[in-house]
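Some notes on the structure that comes next.
Labels A, B and C are assigned to the chains in the order they are written; within every chain, residues are numbered from 1.
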Amino acid sequence: MDLGAANFKDNVGKALADDKLQFAMTETGPRFIAKRTKAREALPEFDQLRDQARDIKDHVLDHLDIYLEKYEAKVKETGGHVHWAETPDDARAAVLAICRKANAKMVTKGKSMISEEIDLNQHLAENGIVPVETDLGEYIIQLRNERPSHIIAPAVHLTRDQVEADFRRVHTHLDPKRDLTEIPALVEEARAVLRQKYLAADVGITGANFLIAETGTSIIVTNEGNGDLTQTLPKVHIVLASIEKLVPTLEDATTILRVLARSATGQDFSNYTTFSTGGRRPGDPDGPVEYHVILLDNGRANVLGTEFQDMLRCIRCGACLNHCPVYNSVGGHAYGWVYPGPIGSVVTPALIGIENARHLPNASTFCGRCEEVCPMRIPIPKMLRHWREKEFERHLQPTSQRWGLGLWAWMAKRPKLYRRATALAARVLANQAHGKGRLRKVPLASGWTEFRDLPAPQGKTFHQLWKERRP
Amino acid sequence: MPESSPRVGLFVTCLVDMFRPSVGFAAVKLLEDAGCTVEVPEAQTCCGQPAYNSGDQADARAIACNVIAAFRGYDYVVVPSGSCGGMIVKHYPEFFEPGTTEHDEALDLARRTHELTSFLTRVMKVEKVEAQFPARATYHDSCSGLRELGIRNEPRKLLASVAGVSLREMTDAEVCCGFGGTFCVKYPGISDKMLEKKLHHIEATGADTLIAGDLGCLMNMAGKLKRMGSPIKVRHVAEVLAGDHATPPIAEAK
Amino acid sequence: MSARDAIMARVRAKLPKGPEGSRREAVERHISQHQQNLIPERGQGDIEHRIRVFTEMMLAVGGTVEIVDDVNDVPHAVSVYLRDGNLPAIVRRGTDPLLARLPWHRGGTLDVLEGPAVDADRASVSHAFAGVAESGTIVQVSGPENPTTLNFLPEAHIVVLESSALFASYEEAWTKLRNLMGEGNMPRTVNMISGPSRTADIEQTIVRPAHGPKNMHVIIVR
């Protein structure tokens, strides 16, 4: 299941040759972009809200220890439980212990990237507990034993006929004659199957978009209503969250929510924004009896105070993925781990080690669209460049690149020598073009000439000609 | 015009120097037509981006110091590239500790440095150029120029004043062409996929000429167009604005 | 060392050093002041404006809105809505006092069930804690009188919203909630709902409903 971030180049090769994936990516990418543009244009205050959202999160990160304490105290005060987890192992163990105590046979799950990060489903299944993903996209990829290819649209890499085939394979009750060629029919089928799971589940597990220190509240944002059915019907609700999800107050959460949905799906507000504080209160006719929060670190604290701290502002909206020409060319699975796209290329090396993800920060043209659309104004290209600096320091780049660029830089620092070398190169290449103006093959430049001709130099360098013409 | 005859240092860029000096001469003509005195400092090589974007801070910084020294004393520094311009304007100051002389010098250079079309329109207040160039053209916004320097209307405004040029916008003009410096040779497959999409949008406009302000992007797009046998001519914006018909389009025979 | 202490130690080691007291004070102040940030203009205006914007936004996300002048007209409106939607004349509600004292007999043959929703329920009616014009959003709070399941299980969710609770922004709803619950306190669940359940997970095509209600109908009482 794990393609591996280290295998980025192989993954890319497969992705580029996958017609269905290419079709899905070409069709859907532009839709996300158009929706966000429309939502942004409809709210004149949007960019000011982004500035405030950034400032709120920066304030939290600078005082994270105190906010974590405040939050924890408040959760306890409302009868909830907080479980701290340094590693994925810790988090898995905490979830399993809660499930065992509840004698859980089956758990329903709302969408959670932390769950992916700690490979929770596999762990539960190995321990005899059936995990059922309830977000439609997550459900589909669970049937396929895949990882999400997108932070908010996990099945964006698939087409409807692939989904139909999966449903027919797994939903053995399906009448072969039933027409499932249209998307609403597929959704209806999933609704019917999952409704029974919600009602039967012993534990509901959700993620958290935010944790509010003021009130000890966790927030989930969905459109389907699956997260709410997941957390409301079973006896036990477990929230999976990481330590950087803290925001100070209801007002601060509200400000960030205003930029979240617009950036993600182009909605003004998601259909369901749910604030959960503790378990069932005296007299409550429904809702979970127990409320647990797993607080995961998994490398995040180490990012604080470094040149990478800004990545912790991320609210996982997916806008940088939607606007990334690289992501839109290869899809999310090529990135090989949990978080794909530009922000994934920043986060993944921090969480699994740059040595295991060394391609990711390099697979960017630094076109800057990610930073341009990021609601939290994370300078993604700058952070990718910082990772490249780490790779350079640790000699993680390919030898040919090191030597090539090293030689070039040595020359570039010596203008006279550089002048002579470029004049020679310009003349040689121009001669080899034989007046055609371009070259089909150039030694050591197959990376260029595999798909393109190399435009030939005009013959002399600008500096040569300038000297001749303006002595 | 702000000063009687501002003294401009031309930052040629490494690609223009080696591959297409005609872009540099077109830039010189445009600057001189606008009333500038143009000089070309000898000690320049490259802006240092290849090192900078490969994580080699030390070399990038050393190259930046060379450029800062080479362009001391000019009223303005003009670059026929948004990418190299962005490097000098946005990134050079990051190499130095605020408060140091080097940082002040980097900031000073950043303030004096402009991409060619934005210098002509914003600083020299050029409204139109005296040139003729028959072309049904489409314009690709290079990423750095657009997003680091905010250049969008400047080239279009000047191109609109060229007799014979008609501009038609392509879909996603602001999306990267897949060049990305060393990216395009390190990840040729992804680069090619991006390029394919870009060329599809270019062809859909029915334009006979593709124009942009960065030679890197232009070489990338021209290289693929010519590999596919496309008749679309590819040119740097400076050449069109200078009315340079004589030089063959990028990647085409004399 | 417990995981908690280890994480806390790591966080503290990485953070900018400053006098502990003033950092703590900054946090206390930020929380106790719970200052409002920028509030968009969109929803702000008199009640007519708020009703107009709310309605526009709710319609845009696939919900429906009707306005009645008298709260006692609600039972009739509910019964007509169910009939027009080809739904049985049965509706589930909580023990909310406003809903409890409505003249339900005016809904004709309408059957009114009390308590949390069950899977078989086709329609529910709940009393909104607040409405937010800005995005056409209903705010529901859980409690003995307001089961959360009413918002999610039935196919049709009908919401009664008094115009006095139709605010311009979410922030006004928070103020109302703090007045009710006290500083720093929240009900178990606050649901902000903007239209019926939807998904776009297959080919970015919007389909309603996904897992929650298929229809959301807001009755604004002027």
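Here is the rule we use: contacts are C-beta pairs under 8 Å (C-beta built on N, C-alpha and C of every residue); 3 or more make two chains touch, one makes a residue touch a chain.
Predicted, not measured: the structure shown is a model, and the values here were computed from it.
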What chain lies farthest away from subunit C once each centre is taken as the mean of the Cα atoms?
B
Indicate, using Cα centroids, the chain positioned nearest the centre of all protein chains shown.
A
If I count C-beta pairs in contact for every pair of chains, which pair wins?
A-C
At what distance in angstrom does the C-alpha mean of subunit C lie from that of subunit B?
53
Subunit A and subunit B have mean C-alpha positions lying a whole-number Å distance apart equal to 33
Centroid of subunit A to centroid of subunit C, CA atoms only: how many Å?
29
By the touch definition above, subunit B meets two or more other chains at residues none
Which residues of subunit B touch subunit A once you look at their complex with the stated criterion?
12, 14, 16-22, 24-25, 40, 42-46, 48, 50-57, 59, 62-63, 66, 143-144, 147-148, 174-176, 178-195, 197, 219-220, 222-224, 226-227, 247-248, 250-254
Note: in the complex, subunit A contacts subunit C through residues 24, 27-28, 31-32, 43-45, 48-49, 52, 56, 59, 62-70, 72, 74, 78, 84-86, 90, 134-137, 140, 153-156, 158-160, 163, 183-184, 186-187, 191, 194-195, 198-199, 213-217, 223-226, 228-229, 232-233, 243, 248-252, 254-255, 257-258, 265, 267-287, 295, 297, 301-306
Could you pull out which subunit A residues touch subunit B in their complex?
9, 12-13, 16, 26, 325-326, 329-330, 362-369, 371-372, 385, 387-393, 397, 401, 405-406, 408-409, 411-413, 415, 418, 422, 425-426, 435-438, 440, 445, 447-448, 450-458, 460-466, 470
Residue positions on subunit C within touch of subunit A in the complex are 2-4, 6-8, 10-12, 14-16, 23-24, 26-27, 30-31, 34-38, 40-42, 57, 61, 94, 115-117, 119, 134-137, 142-144, 147-149, 151-153, 170-171, 174, 184-205, 207, 209-213
